[in-house]
Amino acid sequence: MADDSTITAEDPLTGDEIEVPADVEVGEIIDSPVSGAELEVVSTDPVELEEAPELEEDWGE
Amino acid sequence: MAVEGGSKASEGSETLTASVVGGSGFTGGELLRLLDGHPNFEIAQATSRSAENKTIGSIHPNLRGRTLRFSDPADLESVDVLFAATPHGVAMERIDAFEDAADTVVDLSADFRLDTEEQYEEWYDGHSAPEYLEKSVYALPERNRKELPGAELIASGGCNATATMLGLGPLFDAGLLDGDEQVVVDVKVGSSEGGASGGAASSHPERSGIVRPYAPTGHRHEAEIEGEFGISVSFTVHAVDMIRGASATCHVFPDGPVSKKDLWSAYRDSYAEEPFMRIASGGGGVYRYPEPKAVAGTNYGDVGFELDPANKRIVVFSAIDNMMKGSAGQAVHAANIALGLEETAGLEFQGLHPVGAP
Amino acid sequence: MAVEGGSKASEGSETLTASVVGGSGFTGGELLRLLDGHPNFEIAQATSRSAENKTIGSIHPNLRGRTLRFSDPADLESVDVLFAATPHGVAMERIDAFEDAADTVVDLSADFRLDTEEQYEEWYDGHSAPEYLEKSVYALPERNRKELPGAELIASGGCNATATMLGLGPLFDAGLLDGDEQVVVDVKVGSSEGGASGGAASSHPERSGIVRPYAPTGHRHEAEIEGEFGISVSFTVHAVDMIRGASATCHVFPDGPVSKKDLWSAYRDSYAEEPFMRIASGGGGVYRYPEPKAVAGTNYGDVGFELDPANKRIVVFSAIDNMMKGSAGQAVHAANIALGLEETAGLEFQGLHPVGAP
Amino acid sequence: MAVEGGSKASEGSETLTASVVGGSGFTGGELLRLLDGHPNFEIAQATSRSAENKTIGSIHPNLRGRTLRFSDPADLESVDVLFAATPHGVAMERIDAFEDAADTVVDLSADFRLDTEEQYEEWYDGHSAPEYLEKSVYALPERNRKELPGAELIASGGCNATATMLGLGPLFDAGLLDGDEQVVVDVKVGSSEGGASGGAASSHPERSGIVRPYAPTGHRHEAEIEGEFGISVSFTVHAVDMIRGASATCHVFPDGPVSKKDLWSAYRDSYAEEPFMRIASGGGGVYRYPEPKAVAGTNYGDVGFELDPANKRIVVFSAIDNMMKGSAGQAVHAANIALGLEETAGLEFQGLHPVGAP
Amino acid sequence: MAVEGGSKASEGSETLTASVVGGSGFTGGELLRLLDGHPNFEIAQATSRSAENKTIGSIHPNLRGRTLRFSDPADLESVDVLFAATPHGVAMERIDAFEDAADTVVDLSADFRLDTEEQYEEWYDGHSAPEYLEKSVYALPERNRKELPGAELIASGGCNATATMLGLGPLFDAGLLDGDEQVVVDVKVGSSEGGASGGAASSHPERSGIVRPYAPTGHRHEAEIEGEFGISVSFTVHAVDMIRGASATCHVFPDGPVSKKDLWSAYRDSYAEEPFMRIASGGGGVYRYPEPKAVAGTNYGDVGFELDPANKRIVVFSAIDNMMKGSAGQAVHAANIALGLEETAGLEFQGLHPVGAP
Amino acid sequence: MADDSTITAEDPLTGDEIEVPADVEVGEIIDSPVSGAELEVVSTDPVELEEAPELEEDWGE
């Protein structure tokens, strides 16, 4: 599904090129199909991603 | 990790595009799994409002590694086949858009299963697109195979109705029942029937270890069964501790005498040529009658029966995986037939042994 | 670790000695637990051939720390009450020895439940001590309380029969059924019903996650039900994934019209004064009808009902813990009455919430 | 149905009034069950905002038939003892009102477990009533019995911390550990730990059948353990498929050589006189080491150990019911001691065998 | 019912004959399932002494409808590949006969996993055919791919050892561990690990709902791990309530500082090109780390990790299906490589979601 | 149940006095109600117990 609606960016955790929707905005959280990690969009031109801060209390106990 | 493409065999044959509306739900996820492994489909779109832009593997861990992301159901791409796996009421609202987007629409909800607007007023809250009811074809191939080729709107059956109809069908086909008999159907189902958005009653501590009457009377699937056989069944559904599976035990009181041989003939006549129907009726070993875990993950329907001469009763057992034969598998099976593909394509998984409560 | 004496309250009241034959089994272990915590009983002996000389806690981890050891069933001590929890056929062979050893004998097997030698020939393999059948009293206090005081030989009921009789009893008592109606009883049971000596079908990998028809027709408990109500029921039992619990769903087709009010009256009349019977019939929340896990570990019997006017059907739900109300609890309850003790003594545990598949 | 009064023995001894704030939750329900069966307590109030005016049995089916209804936590009655079973942060906000309402307050949350405001800043989000931290007494009687008599504010321990401290305590008491050793604690817990308000991850289809790392590192209970032993433990928690139960496996690497005899002495010295501690360490049969289902429903803590000479390792196993020894049972146990009651009052239940995943 | 041939695609490519010795067992049944659906294999023989002459579907309900019957393991047919799935000790006794019957022998037991006779004396009860130890190749492709092409005797790994080695391997490969570190491996496994012939401890009532330490220390799989990495691990195995699945949590204390980036590099370097390895390490949603039910029924190995800076610890999680990656799947994977077939042939199943305790 | 059919002996693991059946024989395996451990009777007059060798393969996998 790598068409013009997606662009590539680097997974900061793994270094892999991953596809993200072309219309992502700064601040958006995107998961990586490679690492599964949640990544925050920190810039859009080009798209740069950083590891998203963990949302502590939304899971389990 | 090089999982993209999964089990897809590239076989030179034609490839159709497919979309799944409601792809973040349980049956939607099962459709994605089946289409991902289907030799003739490529998934063009999976929709979710709550998980938009997430990868499909972030919700369905069995699809980890796929690059496809959920998109907005308001923006439908043009595809060959659209599968809708949304709650009751959504498809009837959006049916025009679905038909615009795809030549073939397969809906997994109850929205197009019944024949008339009146039935929707009796059993549901009416219908907003009754003009499609005439056109839609009920999916279950074992009862409706001839109607399916070329069908443009297919209504995949209810899981409990499917289990029941697979169990009772041969008795009607063989003339052992004619519609005025007493029939009690006692159903046991797993928690995936409730969909992904469960409430308090489906939390793990409350839902574990139960045998809980959850539809004592008046279950809506009665309407589908009545539609098929013209008989009103006494229907009661219990929730039990499994995730996948629907098991229907039909207690049937025929008018005249019936022998074990009559039963074997009836079931063999109906199902000998069916690729997904198996008869398990007595015999030795641990697995003598149909049971959900023997079909879990598969598109099989297992049926079996026993005679109770003292009470002039036939007991029929029927077991399916509600995610498969009871919804997504039935939908793909029907689509295969509608589109002239190999009937069993994408549905070959044989199931597991040993296996717990899948 | 100072657990000896468990929950025993020393209350100045009389103390009776008790023995448990078959103390290493499941119902035998439950009897030991109940007697261990009972204010009026002291356990004199627990027998086991396979675990002779082992402490009772080595088999039943809830009784860790007790110094009592299993002894040979051939050497019975003199006690006030002997409970027999042995497989069918053992008690009828040993009944003379049991009677010699104790003034009151409570047998948990089917050996003294039916009235006549003929019935044992029809449903079992005959009877070797038919002279005791006249004398024995069926235990279930909700149906038989008046016969129990002073009884010397008590036959504790079958678990599935108990669940069914507790569900149907009020309908007969209130005259809503008279015995010629169609009654389908669809039962779901846990794995402890099979006792401690399970075979291949009850190994964890094969027995987990199942809805398995295990007695499609002809279950022997039909005999007890027929004995009580004079009605032949269409009885089918399924094994499901729980350890304790029996749930009976009775689909009943009364001759005339019955209202919800009639049902409430019937069940209230029968059970308002019963210390262990509770009615759960609709209402809100998660637990609306009887279900096994709401009674697990307790001596409660929960019953509920629903009307299905379209099919002229009453659906009755009944849930018990087969280890308690369905065997050991019923036995102790009956012994309490037979011996003039507080009826609920030793049986006060209320059960747990949340709880899984106990 | 005459269940009011439950298992309460009327014993002439004094009766204290008690209230449960957060009575609709899991540990609140367990407190209600224990107080309902406790010879010295009468329940004056149970609060819930979401279930106000409903009977307590409408939420907790084991308490069916009780007439008590939930009331607003804003209107607290005067009682002898107030138990608070609310989420972290509530008790510290309402502590003044709690202290006004009752002479003795027992809080089940983490709000008063640690000693200093700084610790709350490090491990939680600070503290709004730090002046109470000095005053509060940590509940766990096996480690803190001497501090409890007369205590006015009792902080019941964390379930995973409790399991760990019960396992490791004897090693510290006996001087086999001094605080600079490597200690890995691998915990397995049931779903009731998450409380009654579970989200998507605790729905039955997603939570069933799992071994799921849910707190890989940095679990807050580490703070309690460090507070007790002055040691930083490598702590990891897994969610597994049970409802009640916490099992801690401690992998300990002592500085010097340790023999099996040393271990037996250590554990016997610490626990021989403890009414709720049992040692299960090897032996025969099925239940050789501590496991949650052997203590389910009870206030027992089972501990056991094994030596691994090849790796100079001690493995310690510890199992509790998180609803009991890990919260409500520990709280009642501590209140019994604080108030000079019989230590085991209301906590005598021995548990069940066989039993599944309670 | 026309299930013969299952999912077999007839693809013109070569077809090899295969036999399964021990076909009535758990891993034998899994091999039959995989071979039944494999495009390059035809099953020539499946042996069982206890089920001789029965159809394979009578034991394995997922293979209902196949005409193949079990035959005597004494009469081996000539085939291309023989898979042995017998208890430890059988293959070493029969290895000459196996080698006579087939060019390629894949043994699933421990009989040929270790390198030297001495190791078998230390960890097992010696070896009766030590001359084959030199020749045999350890199967696990992720660690041993280069040795496999053309191998004639392949020793499929132990399930717990496999889970551990997949988790720890990248740390060694990347030089983050060198063999003198403290490593604790805490394993949780399902009941299928015990094979089809379970005793009392594996009956459903005793085995359900457990977290049971079953190999506190000294598990034999330590030998395989030591053989691979030259490190002695502190190994403890718990039985939990699932049927399929092994989950290893490795608590690792590296000599020097390690960053999250180092870990990502290590695992990506080792597994980026591996068709069956997936990394799940944090992220959102319900499935953040490896867990057995996300790989159940598949040949995937999921691994993940987390840093615990406070304790200078790396926690590594690893999850496999013991029936697949831990035995039959690993065996077929290795055979595919040994024979030059498509590496993933017959192993494409993606697994299910939702799913319970498969 | 401490009557004349039982006598006491020392649990070698814990040092506790435990009750054992009076008629135990040398070689018999007895479990301890205190430790749960399996103990072998090594002499009978007086009764002396030793930790029984573990029966490896009778449990689990």
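Letters A, B, C, D, E and F mark the chains in the order given here, with residues in each chain numbered from 1 onward.
We adopt the following convention: a residue touches a chain if its C-beta (ideal position, glycine included) is under 8 Å from a C-beta of that chain, and two chains touch if they have at least 3 such contacts.
According to UniProt, the chain labels map to these proteins: A, F = Lysine biosynthesis protein LysW.
On a predicted model such as this, the values are computed, not experimentally measured, just so you know.
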- [ ] By the contact definition above, name the pair with the higher C-beta contact count: A-E or A-B.
- [x] A-E
Open item on the list: With touch defined as above, tell me whether chain B and chain E contact each other through largely the same residue numbers, more than half shared, or through different ones.
Closed with: same
TODO: If we define chain centres by averaging CA atoms, which chain lands farthest from chain C? Would you check?
DONE: A
Task: Equivalent-chain rotation between chain E and chain D, CA atoms, steps of 5 degrees - done: 180
Task: Between chain F and chain C, distance of the C-alpha-averaged centres to the nearest whole Å - done: 36
Task: Between chain F and chain A, distance of the C-alpha-averaged centres to the nearest whole Å - done: 64
Open item on the list: Just the number, please: Cα centre separation of chain C and chain E in whole Å.
Closed with: 45
- [ ] Would you mind listing the residues of chain D that make contact with two or more other chains?
- [x] 26, 192, 196, 200-202, 205, 208-209, 241-243, 272, 279-280, 283-286, 288, 354-358
Task: Residues within chain A bordering two or more other chains - done: 31-32, 34, 36, 59
TODO: Give every residue of chain D touching chain C within the complex, in rising order.
DONE: 1-3, 6-7, 9, 11, 26, 29-30, 33, 36-37, 54, 58-65, 190, 192, 196, 242-244, 271-275, 277-280, 283-287, 294, 296-298, 323, 348-358
- [ ] Please give the residue numbers of chain F that touch chain C in the complex, ascending.
- [x] 1-2, 6, 18-19, 21, 24, 28, 30-34, 36
TODO: Please name which positions on chain C make contact with chain F in the complex.
DONE: 1, 43-44, 53-55, 57-58, 64-69
Task: Touch list for chain B against partner chain D, complex - done: 26, 191-192, 196, 198, 200, 202-205, 207-209, 241, 243, 356-357
Task: List of chain D residues in touch with chain E within their complex - done: 182, 184, 186, 188, 200-201, 205-206, 208-213, 216-218, 232-234, 236, 238, 240-242, 245, 247, 249, 251, 253, 286, 288-293, 304, 306-308, 310-311, 313, 315, 317, 319, 354-358
